[in-house]
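What follows is chain A paired twice: with chain B in the first complex and chain C in the second.
What follows is the complex of A and B.
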C-alpha cells in the first residue's frame, strides 16, 4: 500500500501574548491509501492542531517551524497558495466536530451545501448550473442516509436533529469526492446511540468509496471500530504508534497503558460490582411528573412533559445511577430532588419529610448537595478556591480559625495541597476544578450528593481519578450518591443500582449486573449495544438489538 | 496529585493577557495619555496656567480680542482674558461634572441593574419598566426643564444629567447580571446557603466590574460633551467661571474674525472627549467585553 499522506517531522508553535508555545514536536505520521488511521490523545495533546496543519487552516498566530506534509509525494507546505486551496475539499476534507455551531443559523441547509460546492467548482475551474449542483447535492445526501434530501435542503439548521446535522456535515465533506477524510471527534456532542449510527455511516462511506480516514478522537472505544492503525499523542508528541490490535493488547508505553486502563469495562473480568446497599430509603419519589408550560399573551402555549410519573427510592449509602440520553429528563428529576424546581405532580421525600417543606433550610443543606457537570462554569472565575469554599462554611455559622481549619481539611479530602486556597479557577486544570467543586459540596457536610455528569467534561484518565476519589469519599464519609450520566460503562462499575430513563419515564431499573447481563427493555438493549467498547470480547457480549427496535428508538437520526 | 493532570500554574493569567493586549494597542495608549494630560491640567491648573488671575471677573481691555501671539498663546476673549488659562481651568469644570455625574449615576444604575438581573419577577419588571420610561425622555428637554425650574448652575446641570444617566448603566448591568445569575456557580452559592447580599456583591458584581468600568470611561466622554452642550445653551456654570461650553458660546458672537475664541475651547472639548473614547475602546478590547 502506498502512502497517501505523510507528515514528516512537523513542528508547530503558537505565539500568544508575547510567548511562544511549542504545540507540535516532531510529529511524524503516515496514512496509507485506503487506510484508517486514528490519532488519539487527551485535551491539549495537539491532535486538532495536527489536522489543521494538514488542512492548512491553522490560525494566524501559528507558525510551522519545520517539517513536511506530503500528499502523494508533493509537499503541500511548499505549494503556492492557489494550488494548496484547490486541495481543500477535493484531496482532503474534514468532518466538523460540532454539528450546531458549524452552520450559520440564518441560511437553509441547501444554501450551505450549494455554497461549498459552488466555490469548490470555481476553484477547480468547473462551471456548473444550479440545477446540476442540486442533483449532485441530493445524491450526496442520499449517500449519508438522509432519505428526503428535498426536505433537508429546505430546512434551517435548527429544524434538524443533532444526528441529522452531523449527517449533513459528513455530506459537506463528501461533496467533492475527497481522497482523505479527516474526522475531528465526530459525534462527540451527540448521544451514544446517535454516535454509534454516525460511526457506522462513516465506516461504510470509507469502505464503499475507498477513502482514507484520519480519525481524531479521545474515545478509545470509537477508535476500535474505526481505525486500523493508531498514533498516540501526548503534549504535542507522538508517543506510540502501531496497529490497533497491538496497541490495545500490548501497549509499549506506560501512557498508552494508562489511557487504556482508565476506560471502565462494560463486560468481562475487570468489571467491578458495587455492593448493594441495605439501608433504608433516604430519597423517595412517588409518581412525580414535571410539565413545562409557557403561556404567551397571544396564541397557544407549549406544553412539554419533561418527567412523567417517575417513582424511585434511593437507599442510604448507595450509588444510584440515573442513565439516559439528553432530554430524557434525568437532570429534571435531580433538580426536583434538590428542591430547585417544583414537581407538577407527585411526592418527593428526603428522610421521610417532603422536599417542599425543607427546601432552602439549613437542615436541608446538610442533607443534599450537588456537583455540576462543568467545573468551568460551576466555579466563580473571580473568586479563589478559599473564597469559594468559605461560602458554605460562613453561612453555616462558622467563624475564624475553624473556617480555615475546615478548608484545609476539605482540600485534604479531595487530594489538593494546602496552598491551593489562594488559586483562581483559571490556574487549575479541569480535574482540579472538579475536585474543588466536590470539596464545596462536602463543605456543608451533606448525606446525599447529586453528581450531575461530574466527569463528562474531563479526560478519561482524569475521570478515573475523580471516580476513585468519589468512591473513597463515600466509604469514608458514608455518603449516598445520585449519579446522573449517559456513560453506561462508567455506571456499570460505579453504581450499585441503576435506572434507565427514556423520554421522561423510567423504563428499566435494577442492579447493574442484572441490567447489563439481561436487559429487558428494548431501549436498554439498544443503549447498551451502542456503547463503544475497547475489546472484541465485550463487543460479543453486548445484547442483540432487532432492526425493529432500532427503528423504534433510534428513529430521529436518519429522518 | 495524579501525574496526568497537567500543571496549569504557568498558564497565562487574565491580568497578564489584559495588560499585554492593552500595551500593544496604540490607540488605547494614546487615549490613556490624552486622559492623563487632561486630568493633570485640571488638577494642577493654578500652577500650569500662565494667567491664573484671568479665571475670575478680571478685565484687561487693552488686550481684548488679541490674536494668538507669544504673550497670549491662544489669544484673548472679549474682555482681554487669556483663553489658554481659561481652557485649562475649563477642564476642571468638565471633569468635576464627570466625577459628580458618574459618582452618583454609575452606582445607582449598576445597583438597579444588578437587582433586576438577579431577582426575576416583579423586581425585574418594575426596574426595567421604569428604566425604559426614563430612557424615553429626551435628555436635552429634561435638562432644559430642570434648568428653567431651578436656577441654572453647575449643581443643577449635574442633577439633570444624573437623573437620566443611570438608565444606561442599569440596562447594561441588567443584561450582564441576568446572564451571570443563570450560571452554575450562582446556583451553587445559593445551595451553599449564601444570602442574596453575598451573591449580589461577591458572586455577580465582580463579574460585572469590567463592563462597568469600560462603560464608565466611555460615559465620561459623553458627559463632557453633554455638559458643554448645556453650558453652551446657558444652562451650565455661571460666568465668570471658565467653562468650555460657555466659552464657545461667547466666542461665537465674534466669528469669523476672532476665530480663536471658538477654536480653542472647541478643540479642548474634542480633545477630552476623544481621549476618553479611545481609552474606553482600548479597555473594551482589553477586557473583551461588549458594551
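What follows is the complex of A and C.
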C-alpha cells in the first residue's frame, strides 16, 4: 500500500506571553491509502494539535519548527496558501468532536452546509447554483442516514438531537468526497448507543467510498472497531506504533500497558464483583414521579414527565448504580433524593423519615452530599482549595483551629499533599480537581454521597485512580454511594447493585453479575451491546439485539 | 433517546415581553406620581404665583382635584393619561401633551441620528479591534472608547462647538434649522424625512449639518461602550469550535468574521444599546441646551427648574415610554437574530 499522508518529524511549539511550549516532538506517522489509523493518547498529549497541523488550522501562536506533512508526496507546509486551502474539505476533511459547539447557534444547519460547499466549489473553480448545491447536500445527508434532509437544513443546531448533529458533522466532511477523513473523537459527547451507531456509520462510509481514516481518540474500545494500525502518543511524542492486534495483545511500552489496563472489563476473568450490602435500607423510594410543567402567559401549558413511578431501595454501605442515557431521568431522581426538588408524587424516605420533612434542615444537608461530573466547572475558579473546603465546614458549625485540622485531614483522605490548601483550581489537573470535589463532599461527614458521573470528564488512567479512592473511602468511612453514570463497563465493576432507566422509568434492576450475564429487558441488552470493549472475547459475550428492539428503543438513530 | 424537539414561538415570547413592559410603565407612573405629590411646593401655589391670595389658591386646589385622596388622584391621572391628557402646564396653563407634541419630533430626530451614528461607528470598530487585538489599532480604539465613556457628553458638545467655530466657520451649529429656508411641514415632523418627502435638498443639507454635531456628542459614550462589548463578544466567540469547523473546511476568514461571528456577536451590544437609551435621554437634556436644540429634553429641563410638576411628570412618563418602546424594538430584533430566544422546548 502506498502512503496517502505522511507526517515526517513534525515539531510544533506554542508561544504565549514570551513562553515557548514544545507540544509536538518529532512526530512521524503514516496513513496508507485506504488504511484506518488511530492516534490515541490522553488529554494534552498532542493528538488534536497533530490533526490541526495536518488541516492547517493551528492557532496563531503556534509555530511549526521543523518537519514535513506530505500528502501524496507533496509537502503541504511548503504550499502557497491558496493551494493549501484548496485541499481543505476536498483532499482531507475533519469530523468535529462536539456536535453542539461545532455549529454556530444563530445560523441554520443548511447555511453551514451550503457555505462549506460553495467556497469549496469556488476554490475548485466550479460554478454552482443554489438549487444544484441543495440537491447535492440533500444527497449527502441521506448518505449519513438523515431521512428528512429538508427539515434538517431548515433547523437551527439546537433543534436537532446530538446524534443528528453528529451526522450532519459527518455529512459536512463528506460534501466533496475527500480522500482522508480525520475523526477527532467523534461521538464521545454522545450516549453510548448513539456513539455506537455513529462508529458503524463512519466505518461503513470509509469502506464504501474507499477513504483513509485517521481516528483521534482516547477510547481504546472505539479503536478496536475503527482502526487497523495504532499510534500511541504521550507528552507530544509518539511512544509506540504498530498493528492493532499487536498493541492490544503485546504492548511494548509500560504507558500503553497502563492505558489498556485502566479500562474496566465488561466480561471475563478480570471483572470485579462487589459484595452485595446486607445493611438496612437507608434510602427508600416508593412510586415516585416528577412532572415538569411550564406555565405560559396564555395558551396551554406543557407537561414533561421526567420520572415516572420509580421505586427503589438503597441499603446502607451499598454502591447503587443508576444507569441510563441522557434525559432518562437519573439526575432528577438524585435531585429528589437530595431534597433539591420536590417529587410530584410518591414517597421518598431517608433513614425512615420522609425527605419532605427533613429537606432544608442542616442535619439533612449534612447527611447527603454530591460530587458533580465536571470538576472544572463545579469548583469556583477564584477560590483556593482551602477556601472551597471551608464553606461546608462553616455550615457544619466548625470554627478556628478545628477547621484547619479538618481540612488537613480531608486532604489526607483524598491523597492530596497539605500545601494544596493554597492552590487554585487552574493549578490542578482534572483528577486532582475531582479529589478536591470529593473532599468537599466529605467535609460535612455525610452518610450518603451522590456521584453524578464523577469520572466521565477524566482520562481512563485518572478514572481508575479516582474509583480506587472512592472504593477506599467507602470502606474507611462506611459511606453509601448513589452512582449515576452511563458508563456500563465501569458500573459493572464498581457497583454492588444497578438499575437501568429508560424515559423516566426503571426497566431493570439487580446485581451487576446477573444484569450483565442475563439481561432481561431488550433496552438493557441494546445498551450493553453498544459498550465499546477492547477484546474479541468480550465482544462475543455481549447480548444479542434484534433489529426490531434496536428500532424500538434506540430512536435517535435515523430520525 | 430522542432529542427534545424545539419549536419556534415568536408570538408567545413577544407577548410576554410586552406584558412585562406594561408593568414597568405602570410602576414608573406610580413612582413619579407619588414623588410629585411629596415634593415640597403646592402645585396650585406654583400655578398662581406668589401674589395670589389664599382663597384663590384654595379655589385652584379644588379645581385641580388636589383635595381628593392621593390614590383617587392617581387613578384619575392614569385615566386621563390613557385618553391623551396629561394635565395643563402650571406655568403656561396650556395642555402639556400639546406642548410636548410640538417638541417631540426634534428630540426624536436627534436620538435616531445618534443611534445610527452609534451603530455605524461602534460595531465595525468593535469588529476591527477584535480582529487586530493588542495591535496599535486596538490600543487606539481602546483609548477612544475610554475617553468616550468617561467624558460627559456636554463636554463633548462644547468641544465640538468650539471645533466647529474655529475650523468650520460656515457650518451651522446652533438650532435645528435655518428658519429662513421655510422648512416644509409634515408628515412626520422629522426634518430629515420631511425635507426628502418634499424634495427640498437645501433643507435636508441644513438640517443634517445641524444635527450632526449634537448627535455626535450624544453618541460618544455609547460608541465607547458598544465598541468594547462588540470587541469582547467577537473575541470570546472566535475561540469557539464552530469557527474552527468553518476554518477546517476553508470557508474564507472574511465570511467567518463578517457573517457568522458578527451576527452572533451583535446580540450583546444590541442588548446594551437598549439600556443605553436611558442615559441617552438624560444626556439629551444637557446637549440640547448647549446646541439650543429646542426639543423635548430642553422642555423637561425648563419644567424641572420652574417646578412645573405636571410637565415634569409628563416628561418622565414619555421618556419612560421612549425607553420601553426602544427596548421592545430591540427585543424584536434580537428575536429575529437569535433563534434560541424563540425556540421553546417541547416533546
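Everything below uses one rule, namely that the second predicted complex is superposed on the first by the 558 of 559 C-alpha atoms of A that agree within 3 Å, B and C clash if a C-alpha of one lies under 4 Å from a C-alpha of the other, contacts with A are read in each partner's own complex, and residues count from 1 in each chain.
Operating definition for what follows: a residue touches a chain if its C-beta (ideal position, glycine included) is under 8 Å from a C-beta of that chain, and two chains touch if they have at least 3 such contacts.
Quick caveat: nothing in here was measured; it's all calculated off a predicted structure.
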First (chain B), second (chain C), both or neither touched by A:431: first
Contacts of A:188 with chain B and chain C, given as first, second, both or neither: neither
Contacts of A:158 with chain B and chain C, given as first, second, both or neither: second
Partner chain in contact with A:369 - chain B first, chain C second, else both or neither: first
Contacts of A:33 with chain B and chain C, given as first, second, both or neither: neither
Touched partner set for A:203, first chain B, second chain C, both or neither: neither
First (chain B), second (chain C), both or neither touched by A:94: second
Set of chain A residues, in rising order, touched by both chain B and chain C: none
Complex contact set, residues of chain C against chain A: 1-6, 12, 15-16, 19, 240-242, 244-252, 255, 260, 263-264, 267, 337-340, 343, 346-347
Residues of chain A that touch chain B when the two form their complex: 16-19, 42, 44, 258, 338, 340, 362, 365, 369-370, 372, 374, 377-383, 387-388, 391-392, 395-396, 415-417, 424, 426-429, 431-432, 437, 440, 443-444, 459, 461-462, 465
Chain A residues within the chain C interface of the complex: 55, 57, 85-86, 88-89, 93-94, 96-98, 101-107, 112, 115-116, 119-120, 123, 156, 158-164, 169, 172-173, 175, 191, 193-194, 296-299, 302, 304, 325-328, 503, 554-556, 559
Chain B - residues contacting chain A, complex: 1-2, 4-9, 11-14, 16-17, 20-21, 183-185, 187-189, 191-195, 198, 202-203, 206-207
